[in-house]
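Listed after this line are the structures, all set down as structure tokens.
You will see two complexes here that share subunit A, one where it goes with subunit B and one where it goes with subunit C.
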Partner chain A sequence: MQPHTNDAPLDGNAAGGLLSELFAFDVTTASVICEGCETQGEVAQARVYGGTMGALLRCAHCDTVMIRLVHTPHGFWLDMRGARSFFVKPPAE
Partner chain B sequence: MAQPPISRGFRGRKPPVQSDRIPPGQHLVHDFPVLSAGPTPHAPLSEWSFSLDQGGKALKEWSWEEFNALPQTRLKTDIHCVTTWSKLDTQWRGVSIDDLLKAAGLAEPPGDFTMAHCDGDYTTNVPVDDLAGGKGMVATHFEGEPLAPEHGGPARLLVPHLYFWKSAKWIRTLEFLDSDEPGFWEQLGYHIYGDPWQEQRYAGD
Partner chain C sequence: MIRNGSDSAVPRRLQWQTAEVSGLIDETPRVRSLVLTLPDWPGHKPGQHVDIRLTGEDGYRAQRSYSIASAPESENVMLTVERIEDGEVSPYLSIDVRKGDKFELRGPIGGHFVWTSALQGPLFLIAGGSGVAPLMAMLRHRAAAKNKAPATLLYSSRAFEDIIYRTELERLAAMGDGLKIVHTLTRQQPAGWAGGARRIDRAMLESEGFPPAARPRIFICGPTRLVESASQIMLDLGHEANLIKTERFGPTGG
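Entry: the complex of A and B
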């Protein structure tokens, strides 16, 4: 029952669709500094858990939850306490 | 993982769905879907412990061996995941919260609310009234076998009358609190209580 299973995490691109509903730029191309281990890496390299309950992006190095995003019928819930900062390149000319 | 319903072969056709056992918005499954908030831990049982805590201090702590020597409770029950699947007649074995309190020498629960703390920084909040009185257990066995890691083994909380995210996988500590506080999903828009029969999926439902 593959659609039900998220035991093997997908990479951060899997959350790209959900993130782009909220952000005006492609967040998966941004880099993020993990609050847990201070490693800087692309959002696309994060490991995604949470299945259909929400997108939990964990640091590929230390498993800290950097981004938590849930889309309920009432709206979006976003928690980025595990992400110290983001670096976003300006869009290409 | 999928297990055919017992004696289905004898009847030759599916038994009718018992809709009085399926809460609103749920559908019946026969497999056991996996939903995790983080990677499956594989720590050796020699490093495992379980504790009842209050105010940051352990009231009582058990090693894996000590925990398995506690009185065992068997429970056959239906479970309901907020992602809309329900599974009937699941069979569990573990230690009831009542027996844990007794083994810790506590005549009464030391708070009205609890927070379950788990490997992988997962938490969930459950009122004591939904755990004591035979309502909840820390389960170590499923269908007669040690609970598989992807389903929360070696031990998970089991509170089957609430949505299944409350039955926290990989539980390590049950903390007693004086007031209700939101856990991991409850801070992210999921319902603070989570009664499937009231369809309390999200905050505001």
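Entry: the complex of A and C
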């Protein structure tokens, strides 16, 4: 994950390290349904916009902000309004 | 050593650990590979990356992602870093870094942009510049696993001397195990150059790749612009979206 702001987005996959600070499983391989267009896809296929204090994950189809993660000196803000639901598979053996 | 890492049924929390540089390899005038010694490495899958964190004397921190270029079968973890002029982190990792230097690292990260030899079907790898790093992990793994399914690497570099892993790629292609390597040089070609001489485009992707009916697994990695155009062309050519995996490195590279 890049901590600085980039105009060009990265793949959701790039946020794996940052998301692992909050989730016990690999969120990037979970599927997520976008609240904006109802498309289902892997979090890794979303677009990541990174900033020093966190990341925005936008739907690759309609640009809806699905996940907003903000790192403050005291903790994290996690806003997932744009993500309707997640489907998490148990890790493969 | 028990290698359960990302396959473990009990998820393993990523922790920052201290990596020590145990070897350096000059790959091209602008690219260097770092061999790392890590106190706690659970193993990785080809295509995964790590996050690196550098902390200055004043406490200022910079964090960047780098792909793992080594195969899981390899003893060490290797990263390959291209120098970006005016970059905050890559000039240190590609030029100033010395054997014995230490920095913080967490990984392996990511289960999406991953290929293992257990996956069936042809493999089509598309790289621009240092985007070849995670694809090299796949090719090294493919060779170690003695996988003979057809595979093609289409690799764009600026000039001949910018081709990363050039001699190793020649060696892999000469093994006769179904691997084909196609180079294209976008800025400058040596006299008598028989490879491509332009950016990766639709004609190249169509003629060098596999037909959609063969259902190749497609991995595209490199500068954002290249990844976006190549993945769109593969979709237009009729490849299934779920067989196309991308890793954008940012605006960087060749």
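Please note the rule applied: the second predicted complex is superposed on the first by the 86 of 93 C-alpha atoms of A that agree within 3 Å, B and C clash if a C-alpha of one lies under 4 Å from a C-alpha of the other, contacts with A are read in each partner's own complex, and residues count from 1 in each chain.
We take it that a residue touches a chain if its C-beta (ideal position, glycine included) is under 8 Å from a C-beta of that chain, and two chains touch if they have at least 3 such contacts.
None of these values were measured; they are calculated from a predicted model.
Student: Please indicate which partner A:A24 is in contact with in the superposed arrangement: first for subunit B, second for subunit C, both, or neither.
Tutor: second
Student: In the overlaid three-chain picture, which partner chain does A:W77 touch, first (subunit B) or second (subunit C), both, or neither?
Tutor: In the superposed model, A:W77 contacts subunit B only, not subunit C.
Student: For A:P9, is the partner it touches subunit B (first), subunit C (second), both, or none of the two (neither)?
Tutor: Touch partners of A:P9: subunit B and subunit C.
Student: So, does A:Q45 touch the first partner subunit B, the second partner subunit C, both, or neither?
Tutor: A:Q45 contacts subunit C only, not subunit B.
Student: Classify the contacts of A:M53 with the two partner chains as first (subunit B alone), second (subunit C alone), both, or neither.
Tutor: A:M53 contacts subunit B only, not subunit C.
Student: I'd like to know which partner A:R68 touches here: subunit B for first, subunit C for second, both or neither.
Tutor: Touch partner of A:R68: subunit B, not subunit C.
Student: Touching subunit B in one complex and subunit C in the other: list those residues of subunit A.
Tutor: Looking at subunit A, the two contact sets intersect at 1, 4, 6-7, 9.
Student: Residues of subunit C touching subunit A in their complex?
Tutor: Listed in rising order, the residues of subunit C that touch subunit A are 6-9, 11, 13-14, 49-51, 61-65, 88, 106-107, 109-113, 224-225, 246-251.
Student: Quick one: in the complex, what on subunit A touches subunit C?
Tutor: Within the complex, subunit A touches subunit C at residues 1-4, 6-14, 16-17, 20-21, 24-26, 28-29, 42, 44-45, 90-93.
Student: Residue numbers of subunit A touching subunit B in their complex, please.
Tutor: So the residues of subunit A touching subunit B come out as 1, 4-7, 9, 47, 49-54, 56, 58, 63-65, 68, 70, 72-75, 77, 79.
Student: Would you tell me which residues of subunit B are touching subunit A in their complex?
Tutor: 1-2, 31, 33-40, 82-83, 85, 120-121, 150, 165, 185, 187-190, 201-204
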